[in-house]
Every structure is written in C-alpha cells, then in structure tokens.
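All chains are identified by letter, namely A, B, C and D, in their written order; residue positions are counted from 1 within each chain.
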Amino acid sequence: MKKILKLGIVGGGPNSWIGNIHRIASRIDGKYIICAGSFSRDAKLSRSFGSTLNIENNRCYSNYKIMADTESKREDGIDVVAIMTPPGSHQEIAEYFIKKNFNVISDKPFAATYEQAKKLYSTITKNKKIVYGLTHNYSAYPMVRMAKKLVSDGKIGNIENVNVEYVQDWSKGNVVTAKNAKKVFRWKIDKKIVGSSAVLNEIGTHAYHLSNYITGLKGSSLFADIKKFHKNINLDSNAQVMINYENGAKGIFWTCISARGGNYGLRIRIFGSKASLEWVQNDPNYLRFNPAKGAVKILEKAFHEADFSSNFARVKPGHPEGYVDAFANIYNEVADRILSNNKKKNYYYPTAYEGLLTARFIHNCIHSSKNKKWVKF
Amino acid sequence: MKKILKLGIVGGGPNSWIGNIHRIASRIDGKYIICAGSFSRDAKLSRSFGSTLNIENNRCYSNYKIMADTESKREDGIDVVAIMTPPGSHQEIAEYFIKKNFNVISDKPFAATYEQAKKLYSTITKNKKIVYGLTHNYSAYPMVRMAKKLVSDGKIGNIENVNVEYVQDWSKGNVVTAKNAKKVFRWKIDKKIVGSSAVLNEIGTHAYHLSNYITGLKGSSLFADIKKFHKNINLDSNAQVMINYENGAKGIFWTCISARGGNYGLRIRIFGSKASLEWVQNDPNYLRFNPAKGAVKILEKAFHEADFSSNFARVKPGHPEGYVDAFANIYNEVADRILSNNKKKNYYYPTAYEGLLTARFIHNCIHSSKNKKWVKF
Amino acid sequence: MKKILKLGIVGGGPNSWIGNIHRIASRIDGKYIICAGSFSRDAKLSRSFGSTLNIENNRCYSNYKIMADTESKREDGIDVVAIMTPPGSHQEIAEYFIKKNFNVISDKPFAATYEQAKKLYSTITKNKKIVYGLTHNYSAYPMVRMAKKLVSDGKIGNIENVNVEYVQDWSKGNVVTAKNAKKVFRWKIDKKIVGSSAVLNEIGTHAYHLSNYITGLKGSSLFADIKKFHKNINLDSNAQVMINYENGAKGIFWTCISARGGNYGLRIRIFGSKASLEWVQNDPNYLRFNPAKGAVKILEKAFHEADFSSNFARVKPGHPEGYVDAFANIYNEVADRILSNNKKKNYYYPTAYEGLLTARFIHNCIHSSKNKKWVKF
Amino acid sequence: MKKILKLGIVGGGPNSWIGNIHRIASRIDGKYIICAGSFSRDAKLSRSFGSTLNIENNRCYSNYKIMADTESKREDGIDVVAIMTPPGSHQEIAEYFIKKNFNVISDKPFAATYEQAKKLYSTITKNKKIVYGLTHNYSAYPMVRMAKKLVSDGKIGNIENVNVEYVQDWSKGNVVTAKNAKKVFRWKIDKKIVGSSAVLNEIGTHAYHLSNYITGLKGSSLFADIKKFHKNINLDSNAQVMINYENGAKGIFWTCISARGGNYGLRIRIFGSKASLEWVQNDPNYLRFNPAKGAVKILEKAFHEADFSSNFARVKPGHPEGYVDAFANIYNEVADRILSNNKKKNYYYPTAYEGLLTARFIHNCIHSSKNKKWVKF
C-alpha cells in the first residue's frame, strides 16, 4: 500500500476562502489525508467545522500549540501541518511545528514582516529534518514553470526588462468609506494581522515572487511609491516600484487593490536580448513567446514545444487547467519530497528562501516610499 | 461525522488517461473515497494498480461482475460505481450494477449504439432507487451553466442559429498510414469497442450534448456527411451535420479528429432574437454575450452579472478554473443527489435521457450520411 | 510627371455607403483622379453630388450610357470606370463600358445571376484591351494574401477542411416585420436589384470568394440549405452549405444576415496535412498558423516570417491596417496593371473569372436547397 | 465647386516612412491637393521626388525658406504646410511658415526640446490667423476619442490610476553594437536631430500625449528613470516614470525601443472610481470598459453604445479601421477648421498646447532621472 501523508491544518475555518483551496489542493492527487485541525479558537466551532471534513472530534483543536503537542505524541500523528491563518501568525505557528519536527506547508506571505521572516528562515534552515513549502501557487502553473525553464535554458537571452503586476478590486465595486472599511476589508485593515503592508503582503508578494521565480534575477536597488487607500483608512492599497537588477535590467512592479471594474489580475512580461515572454493568469494555459527575429509563438500547456510543462499538467492540451490545479502542484511536490526524501531531485515548489526574499523586497519598498529615494536590496 | 460515499471503479487502469481524471474529480470535494475497483482483467495487474490507490487487495477485482456481486454482499460495500471503460461495454456494465441497485456514474458516450442506449435507458428508468449520472463534463463548466441559465431565462430570445464544433488532432501531428493506424488510434479503430462512429462517439457526442444542454431545443431533421480517415482505415474521422430544430432554428455541427495543428477544440455559439452567446473551452471562464442592441459583454465566472455561475465555482473571479473542476462538479452533484435523495432540487448533472438523445443523434447522422438525405429525429 | 488615371464613377451617390469607400480607395495611393460620374438618374442631384467631389458640371451625368458615350469622345475622357451600383445592373453597365474600351473596376457581386455572369464574363474575355478588376476587397488584406501564399507554397500541405463564414445583423438589433422590412432592408429585398439571393449575393459571395482565393481548391459538389428571413418577407437570410472539393477536402460555409448581437463577421479556417490557418476580419493584421507539429504562430502583417505581406502593406508592423487599406490595394494594383500593361507580372486583384465562380456557386446553392440534394459544381 | 486646400510639404522625401503616411492621410477625404514641396536640400532630388507626386518642377524646392517665400507670393500658393522633418527642425520651420501666415500641420514631437517648444508655442499663440495641428495620430483613433468622451462624461468617475506604455524594438531583432549603431538608428542617434531624448521624443511623446488627451489630468510631480541603450551609444532607449496627478491619481509610464520580439506597442489603461478602460493599438477598434459593478463591455467602433466614435469612423462596425484612417482624421479636422474658420466648434485634433505639455513632460523626466528625485511639473 502507498504511504498517504497525514495532514493537519491550522486556520482555514468556516470564513476562510483559502482554507477550502488548500484542502482541495491536498486531495487532488490522493497523497494526503486530512486528520487533524485547529480551525478556530472556539473549541466547539473547531469541532463542528472539523466534522464536516470527517475529522474525529479529539483531533479538532482550538489551539495550535496543543495540536502540535498532542499530534507529536500520537503514534498516528500528522506528518505535515498546513498553515493557512492570516500573515501575522505565520512565523510563530510555523516555528512551533518546526521545532516539533513537523513538515510545513504555509500560505503566503512567508511572514508578516522582514524581522519575522529572518527569524523564521533561520529556524527552518537549522532543522534539516523537515520539508518546508510555501504556497506561492501562481508559480506552479505549468506555463509559469515553462517560462522559468525557457529563461534558465537561455532562450530569452540576457534579461533587460521585467514588468509584473497584480491588480484587483477588493471592494468588489462597492464604495468604501472610513466607516465601512472594517467591514469591507476585515482583518486586512489590521497591521498586526496583515503585516507591514496590506497590498504588498497579500498580493504584491505573489507578483514579486513570480518575477523572481521565473527570472532568477537579483535586484540591486528599488524605488517605491506606496499609497494608502484613503487618509482615514489604515490600508496600503497601491504600490508601484521601479527595480534595478544586478545584470542591468530594469523592472516595473505594480500592485493595487482598488482597481475598479476588473480582474486585470496577474500578468508578467520579460524582455531579453533574444526573446520576450508574456503570461497572464486569466489565460493561464498559454505562454506568449516572442523571438527577436521570428513570428510570435503561443506555447500551450503540454503541447508542441512545451513538453516541459507536461511535468506539471494533469490534463491533455486543449483541456484547460486552473488555479486549484496549480495549487495542487505544490502539495504534490512537497509530498514527493517528504516521501522520497531525495534532496537532489529538482523540485519546483517555492522555498523558505524565496519567502525571505519577498519579505525583504516589501521591507525595502516601505523604506523607499517613506524616504522617497532609491534603496539598495 | 459526514457521510462519505464509497466509490468503486470499473476501468481506468494504468493506460487510461480518463481514469485519472475521474479519480481526481471524485476527490476534489471530499465526498467520495475510492474503495474498490476492477482495473484490469489481469488480476495481478488490477491489484498492483489498486495498491497505488490504496485499495485493499481483496477489493481489486479482475471482473466487474464479481466486483458487483461481492461488493453488494459486503456491509461496507461501495455506494456508487464509476464506469470508465471504452464505449462498447458501457451498457452491459451499467446494467449489471443497476440491477444490483448501485448508483452509477458513467463516462460518455451513454452507450456505443442507439440500440444499446435504448436498452440501458429502459433499465435505468425502471429502477427508481438509483441515481445515474453521465460525465458529459463540458456541460459542468460554470459558464456553460450560465449560458443554459441565460437561455432558459429568455435572455437570448427565440433561438435561430446554433453552431457547435469539437475539433481535434488525434494523431498529434504524426503521419498516419493504414499500417500504423492501430498503434496511433488504439481501440478507437475497433467498432465493437468505440461503437457506431469513432469521431461521433468520442467527441461529437460532447458537442451535440453541449448544444442540447444549453439550448434545450428539439431537433426535427438533420443532414449529415461523415468521412472516413482513409479508405483503408476503418475510422470515421470527420462529421458535418446540418440540423433543423422544431422551433425553426438552423444548426451547424462539426467534429473532426484529424484537424492538424491545433486544439481549436470545443466551441459553441447560439444566436437568438434578443442576443447571441459564445463559449469556447480554451477560455472557459468567460462567456461572450452579445445583445441585439448594446455593447458586447464578457461575462466572467462568479463575477458581476454572472452570479448564477458561482453555484458551480470553487474559486473567486480572476482565478481560472479548468477541466477537472468542471468534471468534479458532476461528481459533486451526483453525491449531493444520492445523499440528500431530494429529487425535487434542481440538479445540473447530465442524465440518462440526455445520453439517449445523443445516441439517437449519432444514429440519425450515420443513417443520413449513408443515404445522402434529410432524416427525421 | 507621373500619369494619373482619370476615374469615372457609376453609382455611389448620396445614399451609398460603398460609394465613399470606393472613392477613398481610389485616392489613397494618388494614382487616380475622379473626373466624371453618373451619381443619380436625377440630373440635378448628380451635379450637386458631383460638385462635392469637385467634378465639373458637364461631367456629372444622369445616365451611364451618355456618360460612356460622352467620355469616350473627350480627349481628356476617363481611363477607368468604377461601378458601384446595386448588383442588378452590374452586367449591363460593365458591358456598355467594356464595349467602349474602358477599363472597369466593379463592386461585387460580379453579376446578379449566373446567367448574367456568364454573359459578362464572355464580354470581358473577348476584349483584350481592357483591364477588369472586381472589388472582393477582403482578399486584399495583407494577411489574406499571406495565407494564399502559404497555401500555394505548400506550407499547409494537402487541404482537408475549409470552414468559412460571414455573419452579420442587417437590422442592427431592431425587430423586423413584414411591414417595416422594406424600410430596413431597402433595395436588398427586391430580387431584380439584389439578384438571385440577398444573403448570398451580398455577403456570401465574399465568403466563398475568400475561400477560393486562398485555397485555389476546385469544388466537386455541394449541399445547401437556404432560409428566408420570414415567410412574408422575400429575402434569403441564412445559408449553410457543405462542400466536397475535388481533392477530397470537406467544406462548411455559413452566411447569415440576422445574427443578433454581434459582428462575428468574416472568418476562415483552413486545415491541411501539414498545418492549419485562421484569419478573422475583426483582427485582420494577424494570421494564426498552427503547424501539425510545433507551437502555434501568430504571423503579423509585415513582420517576421510574413515578409510577403509587406508587398500589400503601407504601414509598419505594430501599426494596424484596415478595411479601406485593403480596398485600396485593389485600386492600386488595377492602376499598376493598366499603366504598366504588364500581363506577366503577378497581380493579386480579383478577376472576372473569380467572379464567375462565385456566381456559379450561388446558382448551385439555390438549386441544391430547392431540391434538397447534392449538386455537382 | 468645393474648396480644396493646397498643401505644401517640408520633409518626407525618398527615405522617409512617415512622409508617405502624411500624404495618404492628406488624400483620404479629398480635402487637400499636394502642390508644392521641399523634399531634399538637393534641388535635383527634390524635383525628381516631387515629380512622382505630380508636383510641378518649379514648386519643388530645396530650401523651406525659399518655398515659404515663393509660395506666399503666388496667387495659387499653398494654404497649408505639412512639416515631416526630424524633430530638430520642427520649431524653426513651423515658425518661418507661421510668420508668413501659413496654416501648419506638424509631425510630432512638437519641438526637439522644451526651450524650443516654449518659443514655438509663443509664436503660434501670437498669430490668430493660422490653424496649427499636431499629428499625435494615435489620439485620432475612433475608440481613443470614445475613451476621452467616456472620461469627460464622468463614466469612469474620479481617475485613480493611469498606466500607459509604448514599447518597440527599433533594431528589428538585430544585434546592435557601438559600431553599427549609426546604421541601425540613423539620425535618431544624433541629439541635435532627435532632440533631448530619442525614446521620449520619438515614441514616449505619443504615450504621454495619449494619456493626457484621454484623461485631461494635470500632473503634479514625476519620478523618472531613463536608461541608455549602451554606454557607448548615445541613445536613450528605455524610460520608466511614476507620475503623481493633482487629483491624487498615480501613473506609470513606460517606453522602450529595445523590447525584443514583439510589437507590444501602445497600450493605455485608466482606472477610476466608477469603471476602468483599456485600449491597445494592436486591436484599435475595440475599447474595453469595465464598470465597477457589472460585466466587462467590449465597445466597438461605430457600434452599439459607442455612437460617439462614429464621428471619427469612415467604415461600418465589423469593418476595421487602422493607423492611416486615424492619421487622416487629423488632416480632415484641420481642413474643416481652416475652411469653416469656426473656432467654437469642438475639434479633436491635437493642439500646440498639448505639444507644449509633452515637451515639458520630457524635460522633467530628464531632470528627474539625472537627479534621482521627484520633480514638480
């Protein structure tokens, strides 16, 4: 019989949208079974929610520490914990489980601040027994990984421009006032929970990770301009950043949570000396490849000239894959890594180090915007 | 604790692509657990494959009849059987399980011939205890169901033109000769297995079902022209059909398995007296709505003006869903129907009756093409 | 000084939309000057309209015969006549001018019926002195000619499927009744003026010409189904046709004038043994090229791998060209042909023979639809 | 008879691409006749080129001053001069003609530097007799003007984000070295000719003008980062700019001439409190309109809900218009303005004041980039 990983969950309770996504992602390839969870600080609520997931009452916890302690003592205790709480608690929860030698899958951002990120990174790197995976799920789309492959194979040449954006409308078209802001934005308005910057920690972190993941470029300096939603609402809502990369490339980064009227969403373009690339999440199964000299190519997931992407696809070309398929790729690879314990194989799931870099980027953006000057990475 | 349905599988063994899709679809919402299977006529192979799915050896069968007999006697026997064998055996397998009062999820086509379809339909309608669902999965995309809703709400007006196509290249760009045809097309070249017409049973059935599912129109007559791949290869490869509907609408239907160079795929357009609609599987989260008088609208899954589609979506707007998400919608609804046993609720999964209609359509196409004349439905 | 061709116009008066298009097309490359015209049977109206085009009063005629007679006697008489009347008079006007040895540019369709077309074709071929060009303008888009080139260069291989459509809504979203039909459709409802079939002569002729122009395939038989707009309105409004080509290819042709809610417009797809092509007029500067084995390419006008299209482009890649640019390509080439009198050079403007073929196609469609059977070409 | 404007040309000789565009634009609506030109400093070349345009020898000049002097003395002298030389001479030529009371159509940029722009602007505003039009031709696309109308009608609400870019590859995919740079970039590498910044004066000026033209927003401060193509090549090749607008909106501006592999081209997005807009030149007949609450709309030129755009369209919806059609709109309106001399009518052609603003923007960008700080407008 195949070994199925026993998964515990922290967060992701009744009001959590991302909770359901994590659970679906864990199920898709049949490599995990959800056995325990800390879904709420209210013990009754945690149990009632757990029962909808078929989790036994005595493994539905109201405190993640008790969960870690208890599960570490059970013979059939969990193998992996998946953390899907808001950013403010990522570090402390991850560290508690890591110290008890649980493997960790954590929702992004890596941590709520750069300070926390550095501590967590240190904790992770010190423990060689555990596997840590970060659900920067957009990086797990087959055609994003194809893009990464094209870059690393030199097909784009020397990168000269990077243009990435993640643009949403969190208020869904509604008018937001200082009065109703708390209702509209919920915990995202509380810096202790959302961390150093709402727009950057919630979606900017994805955009920056995506650009780093594909290009592998190192930044040298950045200039940021962060805007608040409204002077009376404590919420960063728009950030535009210019980036200088060590190789001389120039970058433009834009993220916004008040972009009315559309899910322009997540888009990345990379221009190199040999070709350019464009990928947009709204049309995720295609990757536009524009050679310097030659017709534009539309590479399609798992299709001709995109064989590499087949490694991350479950469905044939012509059959679209989406958000949960990509998310599941991370669960799938973390499972393979835990089960095979083969550190030498190439894994593509986002790592703690990648998380640390995004936290540093956000930290630098805040610093630059406040001081209105270029800041070194 | 929530009741989880115990699922048995017939077919879907090591060489089956669709097998993995069914399994993923069954897992996504956590409403099924795969407990038994008849994966191969080779007992050893069935067991070894079953073990990769964590199925106990004694519930890995090499014969679907023994599986049905055994499972019906177990106290913890399966609740539902999912049939994912090639078309030729759909009828006999489904009937065997239905007679033992198992609920059935069957891959398409409903049956390999119209004769078989009529028999199977009769068996299903006679047994009031069981639920039967047919995985015409394309009909389960959120925006396809949105299209159906717009039609039934009268937003399109009286339908005047229906244009549907499903176009693929089964040989993946390779040259096919009478010599290598068996290798390229596998069982699809054997009429006993693939049924009355390869192109119509394999993909045409989806296109026709989709058009019926959305429009609800009744056909009155059709004129078909079916072409073989090559005179020495016994494989229908192209079918074009004109359809007259009872309400006076005109239809064009096209399906092809030798369309070089692309996954033009599955596309449907419906033109009515008030508006027209377009949906293409390659971009499944959007539905083009063109009012007679007014700007074109791009409706997006779970977004403004497409609230109804949220009922079939797991992910927020701006976050694409794909093929397996749609497939899982059928498993999800069949589970709800079995568990709630509420026959009055509106369910949207494809039914045996819909399967019967597609079999009749294919039957009529073959008849028309042979006789070169219009045939009554 | 460069020789500028003196152009006379028949039709295209105050209420004519196409008249302005012809005039713009004649001006774009500076090879014509409009000197005379027969814009109306009302002499005063013809003069007043002519004066808006700076045409002297005595060269504004109210009768095309007098115009031909008079201009043929003037030393500075016109070199070319452009005919832009409704279809019913194309033959008689063209023949009258041809007999006086004027070069002719004619709007489509070639003639209103196949009978007229055969006569006109005979008149044209008998007169070796004149140049005749037919404004099937869609064939003059740079990327349509690129498509023709790819086909003739063998890049598509042996053609197996042709799919062409031209779909419009002539009533602009309005409800049409037997009562207001004459107001909505104007002369298009009068068979003497519009010819044998409104939808086929007005737009179907373009679609069929386009498919022939690009593929060069010869048809062997067709099966057509033509529908009237409404039983009380004498107007063919929808035609769907299946075509067998001599090389074994299958075709689907669709044209409609009552397709609510959109300008789906003119689209052609060609599938061959090596690749397939797609071009849509709504996005005319791009041509989708799908090789049997390899990524989809988007060829762009005058850009990499589409050098041939530069021959028909005035503007750089990245700078779109449209309908009048294509229309002007025909005027441009006819001028070159007249001025150089080089019969051996490759010209790409549509010819009388191409016009004859479209008239034959329409004739066969009407015959097939009436008799509900396959008709030989 | 209608009054036809007599047009003289300065520049636009044999090697000029833009020269042909201006001439086509002047011809399309039949409101100009080209009568004179200064096409080259070589008298013979000017005459030989002029003769291809049917211009009499004695009106083919080798010096624009002699042209202005001579034409001002002829009774049938030109009414308008169109200047299509490189940027460095725009000011001096325009001023010379304005002082002789000729109307002027000038290619962009308004002037090569802000100093020159201020002088030219002063000259223009002092002469009340003449009409001055600037060919920022992208602003004349029907759907750009539709965008401007939607903004001014308040349909977008208060603008919060502006995102504009114009991205090209001037070297057409070729490798450029310090050695071959002069051959590849021609006069664009000479600051005296191209002006203060190659990328900003040549294409950045279009992008900035477009954003100003549509939004009407006033800038308050900007932060720019300009990059040279290569340290040994004196050519600005990439500029990214953040803009603060007086109303609080944030802007991102990007222009590049070394973006390999594609004509990503000219794109603008505007986000307001009520809706957002997107227009891209590659698909110019459509405008994406995303209401805060409601489905995305695709407005089409001259079609439903875009009636205003019909004012600037020559062709029906479903029939694309392109670059020269837009360019001709400017010639058309300048002609109307000259002929009617109606200063109160709304004209939409770009003005000297708009030209002055773009020159100031470029000046400020250079200053900001050099000093690495925010600069006031």
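As a convention for this text, a contact is a pair of C-beta atoms (placed from the backbone, for glycine too) under 8 Å apart; a residue touches a chain by one contact, two chains touch by 3 or more.
Treat the numbers as computed from the prediction; the structure is a model and nothing was measured.
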Measuring centre to centre with C-alpha atoms, which chain is farthest from chain C? A
Quick check: more C-beta contact pairs at A-D or at A-C? A-D
Would you mind pulling out the distance in Å between where the CA atoms of chain A average out and where those of chain D do? 43
Chain C and chain D have mean C-alpha positions lying a whole-number Å distance apart equal to 34
Could you put a whole-Å number on the gap between the CA centroids of chain A and chain C? 55
For chain D, write out the residues touching at least two other chains, lowest number first. 173, 289, 291, 293-294, 296, 300, 303-304
Within their complex, chain D touches chain A through residues 157, 160-161, 163, 169, 172-174, 223, 225, 227, 238, 240, 242, 250, 252, 254, 256, 258-262, 264, 269, 271-276, 278, 288-294, 296, 372-374
Chain B residues within the chain D interface of the complex: 289, 291, 293-300, 303-306
Sites on chain C touched by chain D in the complex: 1-2, 4, 17, 20-21, 23-24, 27-30, 34, 51-54, 56, 168, 173, 263, 265, 281-285, 300, 303-304, 314-325
